[in-house]
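Working notes for the structure below.
Order as written gives the chain letters A, B, C and D; numbering starts at 1 within each chain.
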Amino acid sequence: MDLAFSPEDERFREQARDWLATNVPRDPRPQEGPEMREFDSAWQRRQFDGGWAGVSWPTEHGGLGLSTVRQLIWHEEYARAGAPYIGSLFSAVNYGGPALTIEGTPEQQAAHLPRILRGEEVWSQGFSEPEAGSDLAGLRTRGVVDGDELVVTGQKIWSSYAQIADFHFCLVRTDPERPRHKGLTWVLIDLRSPGITVRPIKTMARDLHFCEVFYDEARVPLGNVVGGLHNGWKVAMSTLTLERGTAFMADQVSFERTVDALVVEAASRPGPRGTGRALDDAGVARQLADLKTVAGALRSLSYRSISTLERTGAPGPEGSMMRLYLGEANQRLGRAAMDVLGVEGLAFVAHWRKGWSGHWLRHFASTIGAGTAEIQRNVVGERVLGLPR
Amino acid sequence: MDLAFSPEDERFREQARDWLATNVPRDPRPQEGPEMREFDSAWQRRQFDGGWAGVSWPTEHGGLGLSTVRQLIWHEEYARAGAPYIGSLFSAVNYGGPALTIEGTPEQQAAHLPRILRGEEVWSQGFSEPEAGSDLAGLRTRGVVDGDELVVTGQKIWSSYAQIADFHFCLVRTDPERPRHKGLTWVLIDLRSPGITVRPIKTMARDLHFCEVFYDEARVPLGNVVGGLHNGWKVAMSTLTLERGTAFMADQVSFERTVDALVVEAASRPGPRGTGRALDDAGVARQLADLKTVAGALRSLSYRSISTLERTGAPGPEGSMMRLYLGEANQRLGRAAMDVLGVEGLAFVAHWRKGWSGHWLRHFASTIGAGTAEIQRNVVGERVLGLPR
Amino acid sequence: MDVLADADQAEITALAREFLTERLGPDQAHAVADGRAVVDAALLGRAAELGWFGLGLPESRGGAGYGLLEEIAVFREIGRAVSPGPLLPMVLAARIAVLGGADSQAEGLLSGTLRAAWAEPVPGAATVTAERVSGRFASFDPERADVLVVVTPEVAVLVPAPDGSAAVPSVDPTISTLVAELEVAPLAVLPADADPVYLRGLLLSAAALVGSAQRTTEMAVEHAGTREAFGRPIGTYQAIKHRCADMWMRTQAADAHLVYAALALDSGGKVEADLPGLAHGARSLAAEAAARNGEAVVQVHGAMGYTWEHDSGLHIGRAEVLRRWFGGPAADVDAVLASVPLSDPRTTISQAGETP
Amino acid sequence: MDVLADADQAEITALAREFLTERLGPDQAHAVADGRAVVDAALLGRAAELGWFGLGLPESRGGAGYGLLEEIAVFREIGRAVSPGPLLPMVLAARIAVLGGADSQAEGLLSGTLRAAWAEPVPGAATVTAERVSGRFASFDPERADVLVVVTPEVAVLVPAPDGSAAVPSVDPTISTLVAELEVAPLAVLPADADPVYLRGLLLSAAALVGSAQRTTEMAVEHAGTREAFGRPIGTYQAIKHRCADMWMRTQAADAHLVYAALALDSGGKVEADLPGLAHGARSLAAEAAARNGEAVVQVHGAMGYTWEHDSGLHIGRAEVLRRWFGGPAADVDAVLASVPLSDPRTTISQAGETP
């Protein structure tokens, strides 16, 4: 047992830190529209040119093929350097692309992976539907094989960044006769195809990155099916495992910085009765100490998960809880921040660097997205603890 | 709408207050054994002799037959006077006896009700079984009709005060062929009958008032069946409605006094860092203010429930939540008290007048007894809100 | 003793619901949030015609002569409807002007031609007396306001509204906010010993919060009963069912305590002496119910509940704003604890509380 | 970097579990609670033979030469087994005596012939220096003790045990307690700059709490999987299933953070500089996990979990006692917040945290 990294890992950390120190963009990341895409792409291109794109991607697909320990180091240094949120490239770089490295054909890989790594291709996920949220296998969007094409009709929802994306990777029902999980297909759809309408959905946090995507007999080449017809459930599960795994490690590191910022905020403002510091309010202090500790515990859990992965080839069961644990902590953080600011903190402020209300509102989604809290607790209860369904 | 009581009600309140002021026993109530029973009986007898026994009982059965408003007033004055907990007479006076006034035959009523009102008869409830807790209808204790007797074999558990009681009112399965709810019978069993063994169960709060009661072919006269053979479920439900209704109104009033005592405690002790008062710790203050408010809200809910009863003849749906609401508040109170006392409060102290750890431990049972928190939330969700089962 | 609504109050509730549904309900709130509409003088005039701004004022002074309970019935509906517009400031401003003898303001406020906005003192940074209002205040919807309402436990005043054009959107998308310095003399003054306007306003804000909690409970229950997942209505799952039960429980407790506190205040303290503790207690339950139910209604609705189009965000934002008025949660804690007698009940009684 | 137990540690865990199950497990704890047994010198001698009291001391000083992680492995098992007896005070007392150069006490403590008990300073009412221990202390199991262990962030000392015959049962039915005044000079002194005995002890107590949380999780999961209600195992109901999931989550987080903190402490602060914040954070997670799991395990077991015979009461009492040592929850809050840098990360970085 040892917390220390190997000298080689430490050298990698230094190199990453050095490169990030001089290359992280200092301009604020635009929050919407083509400017956002342009910013995200340019930053990805810069990482690619610097030899840092695809830390965890296999080398045969242009990645660095590094160990999970080095991914961890990269994420830690990335966050420490204040590098931009990956934003619109999240789906392609962090899990859609990696899924293609596992499930795609050589042709599919050649067509997309280099472009993704260079920041030239934006993907969006199309799994959820209005009538199939938590119950993913209940989805209804149809894909009918017609010659060498799939004709897709239906509606997807909660597709992040679809309004600026090039491709939509969807799960569609290609065989309604088979059992629910067995008639689905995973397919990559060019969003510029005829018959597709994208409508952004404004959230209660007032941002526009979720979209509805409507399909009206859109025609997709069968060559875009990944993992084979009717085999989509398996592909989707491996995609989701990636989404729920290391892909959000950066979020954990940034959570700790957000907690630190709130402690500083509470130390510099008066308490709820106008006296002392907010941080001297024992209730506030207890909440903030709890959040700071949770931030540390998430790091400790990551270390444990990575150690297990390194030793056994599979991550430990911690992974199934970390996203929920972080999401609920972010919700508590939001509420604590609103209490610290009191009546002076009621202005809507989108970005946490200028205020807290946006953080508070945004994290109402943290126990819904990527599996509701209820589903995630079911998963822990059933798959980890072995309780009956 | 009016909070004021009628002049007649106010006169009743004054009379109750006057009588209680001079008659409430000042000796501490013994916590165990025959001394406890003797104390409880003597106090009940005193109320009977003073004309105050059975405030809510029908006049034809020796009660005062008073309105729910007057019951409320009596409970309020009773608690305000610091009158003793009803203790071992709870089951007979507060809901077993009242159930008999509704469901019993004239012979049964004549045999028991006067003795109960005079404090001469102690009853204990025998509904739960080791394999049938929340799922009451799953009970297995058998009652076989043999001539003019019922032969009872099985095991009951969580029967309060059975070790000092005279009678055990049980739900037994008399027809295993019928559907679960339809083959049960409510029967009153003399605990001195042969074939009955009573074993007290010590709790983690270190008291001994719960018992197991074992039946080995105990013979019970059929005349002790209440409400008819195989009709026990209906009788039990009306019993439980009484148990969960106004019967625990006194607990609510005493809860507020307990909160007040903890506030005084927190105002007279140093805070968790040894500085100031514990009450100046904003976290402690928030908890105590919450508890004080919950105490008030319970009173407000009682008033609403009684108003509904007076107007419509049936209590409002509030009743189904109040016991759980109080139980959870008592648990929070226990935790808050342990925090207020800190490392100096770890001695086990049974009675709240001398310390708080007994209160804390005792209320672990508050979300289990008389229907677990889970069952009670199901009831609210299904019967009050109409959600599907 | 009877704490249930009487026929008159039920009628007031029904009328209010009808008007609000048509003119000042969630649809209008969404329109205001989207910038497609404003609550203008005409709309305030309509509410004034219904007598809302003088509901609790004597008929001899231009009011409707109703009591606090009727005002509460209306504000519960306002909360259910997440009505946009400065309804609470208007009602309190009219009361201050009428009872404080500021006749010219009184007329304008009762008729809805003069517009009031809320100004909440920033704790520790503001001073409010009958002579002077100074320091930092958070105002809400100040842009078109003529007067600001400032209410403390000691005194309630109206002051001329300063330039509010720098106001920004708040977490309630129908309400703007501005934190700024004031240094001004009141136009109208109503001391607490003349009228408990602080406590009345506190209870009206609690009523709006209770109404919101009632509505979000209904929304959650309705969705849980119809939305299906894995072949069953989601309300059959205990995680959802129990959440709905808790929403209902919180709301019932808050509403019952609100009515109790209002009846006690209406009785002038004859029934219960500790009016501030009661009223702040009722507000704290209402605020917690509205805020926790806001979280729960989103969770029950899933992603749909997180959208801008859904009503949940309106309820969440409104609850967060309202619960910060009247001193916010810290004032609730202080007032409730101030009501606890300092003698130890354990030494003054013999046995109560020795529950098993 | 590898934070998983190695083969040696796994063996230590297995051996400890075997010994504890046989000699110092729940059965013995119940026997002590019922007054049918005491943890006597013979039993302490057996533990001493296993080398437990010097596990983390150098072999050259009579110890086993293991590190903190091995001690943690043992104390996790002690927590799982709710072992009766003053094991934590013995380990810390031996460390203080050995490293503090109090040779005569050292020998007795390592061999289990000298008996130690815990004395926790009452905040604000006690003073502990290398020269003097005075003021009010809560001691635990003081009756048969020879020395009391007093540990603060600055200094750790042993003092002669005063008369403990007035001790009364605590909420942990295997442990007695006595709050009394001390005024005495230390027998042995170990300053924090010579050895971080405070932080080591804090982590050992956290390990016992984590072990308890692990065990109650297992108990709840096992019961939920087998006990039936309404024809189904109760673990199929979300109220129970999700409660079990939360028990597991809390425990995993607490255990992972405990190991991280211990490795950091063992590295002498090379990896992580903020050792007090880390250690107190780990303890607070462990204490919360043990206490909340204690509540949950009773609820999952229903009335059965509330009985004296059940193990749940042992875990609940133990957690409540242990979490009040080392300054209790307030010390955790203070130490964790002291670790936060005072410069605002929002002004020192550009974009991190702008998650969607």
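Methods note: contacts are C-beta pairs under 8 Å (C-beta built on N, C-alpha and C of every residue); 3 or more make two chains touch, one makes a residue touch a chain.
Remember, predicted model here, so these are calculated numbers, not experimental data.
Q: Measuring between Cα centroids, which chain is at the maximum distance from subunit D?
A: Max centre-to-centre separation from subunit D belongs to C.
Q: Does A-D or A-C have the larger number of C-beta pairs in contact?
A: Counting C-beta pairs in contact, A-D comes out ahead.
Q: Between subunit A and subunit B, tell me the centre distance in angstrom, where each centre is the average of that chain's C-alpha atoms.
A: Distance between chain centres: 52 Å.
Q: Quick one: subunit A and subunit D, Cα centre-to-centre, how many Å?
A: Their C-alpha centroids are separated by 38 Å.
Q: Taking each chain's centre as the mean position of its Cα atoms, how many Å separate subunit B from subunit D?
A: Centres of subunit B and subunit D (C-alpha means) sit 39 Å apart.
Q: Can you list the residues of subunit B that touch 2 or more other chains?
A: If we look for residues of subunit B contacting two or more partner chains, we find 271-272, 282, 286, 374, 377.
Q: Going by the contact rule already set, what residues in subunit D reach two or more other chains?
A: 237-239, 242, 329
Q: Could you please specify the touching residues of subunit C with respect to subunit D in the complex?
A: Touching subunit D from subunit C are residues 237-239, 242.
Q: So in the complex, which bits of subunit B are touching subunit D?
A: Result: residues 128, 130-131, 133-135, 138, 157-158, 201-206, 210, 270-275, 331, 338-339, 342-344, 346-348, 357, 360-361, 364-365, 367-369, 372-374, 377 of subunit B touch subunit D.
Q: Within the complex, which stretch of subunit D touches subunit A?
A: 1-6, 9, 69, 221, 224-225, 232-233, 235-236, 238, 241-242, 244-246, 248-249, 252-254, 256-257, 259-261, 263-264, 267, 270-272, 277-278, 281-282, 284-285, 329, 332-333, 336-337, 339-346, 348-356
Q: Which stretch or stretches of subunit A touch subunit D in the complex?
A: Those residues of subunit A that touch subunit D are 1-6, 9, 24-26, 28-29, 69, 79, 81-85, 87, 160, 207, 209, 251, 253-255, 257-261, 263-265, 267, 279, 282, 285-286, 288-290, 292-294, 296-301, 303-304, 306-308, 310-311, 317-318, 321, 324-325, 351-353, 362, 374, 377-378, 380-382, 384-389.
Q: Under the stated contact criterion, what part of subunit C meets subunit A in this complex?
A: Per the touch definition, subunit C meets subunit A at residues 120, 122-125, 136, 138, 140, 168-173, 177, 179, 228-230, 237, 239-240, 295, 298-299, 302-310, 312-313, 316, 320-321, 324-325, 328-330, 334.
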